[in-house]
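First comes the structure, then the notes that go with it.
Labels A, B, C and D are assigned to the chains in the order they are written; within every chain, residues are numbered from 1.
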Amino acid sequence: MNKFTKEVMSVGEMASGAKLTVPVYAFKAENNTGSNTGSNVYIQANMHGAEVQGNAVIFQLLELLQHCKLQGNITLVPYANPVACNHKNGEYTLGRFDPITGVNWNRMYHFDESVIEPFAQQYLDASEDDIKDKFQQLLVNEVESKLEQNTWGLTTGQRIAYQLQRLAHQADIVLDLHTGPISSKHLYCPEYAQDSAKYFDIEHTLLIPNDFGGAMDEATFCPWWSLQQAYQTLGRKFTMGQGAFNKESFTVELGSQEQIDLDVAKQDALSILSYLQYQGVIDNEQYQPQKMTRYAGYLKDYKALYSPMGGMVDYLAEFGKPLAAGEPLARILRMDNYGDGEALHYVSLEQEVIPILHFASASVNQGTELYKVLCNYFKL
Amino acid sequence: MNKFTKEVMSVGEMASGAKLTVPVYAFKAENNTGSNTGSNVYIQANMHGAEVQGNAVIFQLLELLQHCKLQGNITLVPYANPVACNHKNGEYTLGRFDPITGVNWNRMYHFDESVIEPFAQQYLDASEDDIKDKFQQLLVNEVESKLEQNTWGLTTGQRIAYQLQRLAHQADIVLDLHTGPISSKHLYCPEYAQDSAKYFDIEHTLLIPNDFGGAMDEATFCPWWSLQQAYQTLGRKFTMGQGAFNKESFTVELGSQEQIDLDVAKQDALSILSYLQYQGVIDNEQYQPQKMTRYAGYLKDYKALYSPMGGMVDYLAEFGKPLAAGEPLARILRMDNYGDGEALHYVSLEQEVIPILHFASASVNQGTELYKVLCNYFKL
Amino acid sequence: MNKFTKEVMSVGEMASGAKLTVPVYAFKAENNTGSNTGSNVYIQANMHGAEVQGNAVIFQLLELLQHCKLQGNITLVPYANPVACNHKNGEYTLGRFDPITGVNWNRMYHFDESVIEPFAQQYLDASEDDIKDKFQQLLVNEVESKLEQNTWGLTTGQRIAYQLQRLAHQADIVLDLHTGPISSKHLYCPEYAQDSAKYFDIEHTLLIPNDFGGAMDEATFCPWWSLQQAYQTLGRKFTMGQGAFNKESFTVELGSQEQIDLDVAKQDALSILSYLQYQGVIDNEQYQPQKMTRYAGYLKDYKALYSPMGGMVDYLAEFGKPLAAGEPLARILRMDNYGDGEALHYVSLEQEVIPILHFASASVNQGTELYKVLCNYFKL
Amino acid sequence: MNKFTKEVMSVGEMASGAKLTVPVYAFKAENNTGSNTGSNVYIQANMHGAEVQGNAVIFQLLELLQHCKLQGNITLVPYANPVACNHKNGEYTLGRFDPITGVNWNRMYHFDESVIEPFAQQYLDASEDDIKDKFQQLLVNEVESKLEQNTWGLTTGQRIAYQLQRLAHQADIVLDLHTGPISSKHLYCPEYAQDSAKYFDIEHTLLIPNDFGGAMDEATFCPWWSLQQAYQTLGRKFTMGQGAFNKESFTVELGSQEQIDLDVAKQDALSILSYLQYQGVIDNEQYQPQKMTRYAGYLKDYKALYSPMGGMVDYLAEFGKPLAAGEPLARILRMDNYGDGEALHYVSLEQEVIPILHFASASVNQGTELYKVLCNYFKL
């Protein structure tokens, strides 16, 4: 049975001086095989306060990984953002953004694109392993210098994000466990890693381009993708597999927020083990992907539909099933119009889409995001 | 087809001067039969902002009542509290209390017990009809004088509550449509009206005593119950049926908050019509209660269970089914304890209970209300 | 120089498992004089989250008390409610009520009036010292049994309140440091302790009756006042000074919320030392009350004025100075009415009052509490 | 006396169907002189909910402009964002961002840079007046097509912003009235319009570059600045005065949020009239700028200082006065450290700065923005 270590990382202080900490669990491959031949993995959960199911998945992973043959190191971080996960507003958790500034907690990671080209120039002829080592060190150093350079200080969210990112940059594979509001399971996957999406038991995959917007997945794969492109521009190509130096990062959307279910979490843990088995991080053949129809689409085709009116929404469309053009996504109740106006307004689209998630509450303002849907999808 | 009237009642102003209004729908029995022989009815919904399903029920009632034989007047008020129902906090609606003061919106109705005894003395020998008329007028006057006496002003919630109460006091039957957080359907019913509970398609009934705590149901039945008791003390008894001058008020809990479902609302509307048919407000025999096992219990046996720890809750107990002593209601995940403490804590009780509702979010502080359960229940 | 002890009391847990603690500072009289002849004192601050100035006052008291001649024990508790004081909502601290339930944090203390009469009967002929000891023990036991009886659990606020109350009941003098929203300094003082109010450097005193509403001051003086009355009813009178067994509790309102000022806190600390000197808790004659005109009034004459309209308020009346009848308290801007209505509405009263505090923001709904004012005031 | 028109613009709907409207006041120069020879002006206030003082300034401007000689049209819009200005959270107004999404309300205006170069190519040889007319029409059309293209809808904030921007694009001069949290008066001014800053009675000016970040001022001056640069690249220069086709936009920061003061607003209105007199919008020589030392600096030198710790802040530095290197900006109280740590932490900088604003509350998390200060300032 594999042993793991547990450390506690301090990520913030509140007004009373109360310290907020994050537990960090780590398995070392050496415990198992004596040689670490697989990729290293970083998994975190609950960066957004209300998205708690990932903590239950990490619970199940900790249970299961103790009985796996580990080929790589695995670091697991539940409660990644205790500021957010402890922030109740009414009965719910106001956790998608810093309640003081409004900034999305998952838009504060760091990537300075200007480091790419000089690095590629400097290490143009280095070995692939050397490049990976040196560039990884560069990324870690960048984040550490941010944490240590304190003339003007860091925002609350940067301090948390950079500490997590420091851990994540030391891995080859990064899984950031999130949920939608009321949502089906879906996966954010870099375009180059499309083949890997089949190893998760998740029906819908959004393929994302090399654009850095501040999120954890982007912060850990964009540098490597950009680096590979820089080398390509300089005339050097790499043969070591798909994508970006075998680095892969995913945002795994586990379903709906504000709830945990340990039984479902077990299924999600098995799905992750199937992917880790495929990647050679563990050597346990029993973990295989389930058979299912998997759909994918490009991020540009993942669209938000905003409410054309204020009202109360009866969400009708099922998640994950193609919805024909003209079929209703929702009907909006407007009792103030009963008797002298349109008391029920049906919302539909002029094209076929797959509904992926919808807003968390029936009550919407004009302009509230009602649904996110995938257009122009295809089978993986 | 019965016609209804629609009026708009102004209940508040916001900082920009924006006026908040409430639509008031009314059916008059005269449209139908030429004589109003039945009781008059007042139905409102959405006093708590997130409890929106009642609006959908009123929608369905308006659809159905147009085709009923009306024996009494019926007034229906959706969106009873637009201040609350428009108050978003993050994605959810912060609607159980005034966001400025914390006061529960459903604790601001008026009842001044000191008017009871003088009235009974004054009208000791009056006819029952006369007593009903005069006392109803007294209650309406009381509320109107509150609305008009403005030296020191009214709170935001009082202004809304009193305007609704003015309408409600003019009815014999009051239905206040609410929901729980995540909840089964249940009914708050005055103890004396227990027989009526069987006519709703609701499995659980909480029988409440003659204690005024500020809620709409209490504000409309407590005065009549107290009046009857006052007459009894003075030696006069009434024969006109159960309870308190045939006045009945219920808080109808329609299920969970933050969602509407028009199909379920249709069922709830039929359940209400079944009760109105029983009361003679409509004359449509097709509306009959469904056969189901109905449980009831006293309010003192309707208990809240507070979380013994902070953590993330996997709610396990099914609503509405008796849960044996010792069976788990929930398990609380505490990932910070994984490896060196109790990562999963099971919560159970030492007696059999029926779970009625639970908290709206997995994330709880130590002391958050986890469940409300009914002890010492019995079949109706 | 007096030494103090510091302990850390755990008062709650949040969803991530983060523990919230409260520091408890204590001076023992024995350190100083060898005999504890004075009253014991309990001082707390910041039960309401935004009311932070009391922490600074406790800082200054800790600085000063180290150099006093102590005749009694003094316990000081800053950050009394870390759940509230850490709860940011936007830039501000949402701290007057539990953000989940809306319940005012200062309405959750315990007092069960039914213990009074049996106690007085049982100890009818006991010595005064014995009565004080036994009754104090009873009060402590009551609160401890609440903390330990956990079948159904305690609310978040009860758990905090009871732990603080356990400390407070062990003192003779209780000072609960609060602030208003935007406010002058004022003092809540039991009617029987009116003479003591002159020893604080606070211009306005509200004299409160023996009604328990759940607040800390009431929870610690009402039991003693009620006990004295019970003895009086039984025919026994006490000669040991004014009021209720020499027990005194005050809510000290230090000014406005959301700010600390250490220099002003020094003045407030000196004011408290003046009162402690008067009470014989310290023996340092330099601490004497300042000369000032002190006004007082009864709680029933301390009135809230609610806004007659929504709008934006230019607060005009100065705090603490009598305002003649008809003089404007505020003017309310309603730009939506400019050009075709009343764009500026002046608010005044028909009697002379002393304005004590006003709402924290210019933006008000219809029915928001604008001002609190003292009517029928008199000089102390 | 000049007449103005008043229209009501509908900008949003809430869940109850309540419509939110904005009053739009307009003076036409023709009323006055028969010929509109001056620039047209657009002034709005209260885009951020808590920043209400601008409404009072518009009140005073409406009072004063009725007595001016108008050379240009002037449109004034108070309560620009009623969703934000009506959103109370506790006692305060949560108004800097959409409470559902966290997006800053003043980051949702529209500017599509890709229209610039084709326009300059097409109108390379057009007259200056023609260019101004055509480009203005282009900007208005762009925004209108956004408002009308509704397949996927608009966010709540976009709908409001675009409607305001449609009005603003029809003016030559745009003043967006804001406030800081607790703040001195200051002015955001495009670098090219530096000379104009001297005509406002505002001591501090931040000179901003041609970077579009979504704010109203940028949305209205960046297009013109970019257009001028595009023409310059194409070899055409314009002689018609400084800057960008005589278009000027300012964000006027009027002081602190959450308060209005009609007397101070009068001063601010006079300051704006002084600028309008300088620009020839009015012809009233009595409106001249006050003599004062005006400081300016570049936006890159306007820096935020984040709190190095959680705690309670006693803000010490005065606004608007140069603060020497090493002098304390603030001291942070940490009572939890009293006795065994650093209970008071002083915050200072290693360079001279002018403090412009600080956070609205004493209570801060680690990483909360404490101060914004201007470095490398110079006299205007």
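Everything that follows uses one rule, which is that contacts are C-beta pairs under 8 Å (C-beta built on N, C-alpha and C of every residue); 3 or more make two chains touch, one makes a residue touch a chain.
On a predicted model such as this, the values are computed, not experimentally measured, just so you know.
Novice: Per the definition at the top, count C-beta pairs in contact and tell me whether A-C or A-D has more.
Specialist: Counting C-beta pairs in contact, A-D comes out ahead.
Novice: Please indicate which chain is farthest from subunit C, where distance is taken between mean Cα coordinates of the chains.
Specialist: A
Novice: Using mean C-alpha positions as chain centres, tell me how far subunit A is from subunit D in Å, no decimals.
Specialist: The answer is 36 Å.
Novice: Between subunit A and subunit C, what is the separation of their C-alpha centroids in Å?
Specialist: It comes to 48 Å between the two C-alpha centres.
Novice: Going by the touch rule set out above, which residues of subunit B reach two or more other chains?
Specialist: 14-18, 21, 52, 79, 85-86, 88-91, 93, 96, 100, 312, 335-336, 363, 365
Novice: For subunit D, which residues are in contact with subunit B within the complex?
Specialist: By the definition above, subunit D touches subunit B via 14-18, 20-21, 52, 79, 82, 85-91, 93, 99-100.
Novice: For the complex, give me every residue of subunit B touching subunit C.
Specialist: 12-18, 83, 96-98, 100-104, 150-159, 303-312, 334-337, 349-350, 363-370
Novice: What does subunit A use to touch subunit B in their complex?
Specialist: Residues in contact with subunit B: 4, 6, 21, 23, 25, 49-50, 52, 55-56, 58-59, 62, 78-79, 85-86, 88-96, 181, 258-262, 312-314, 331, 333, 335-336, 338-340, 343-344, 359-363, 365.
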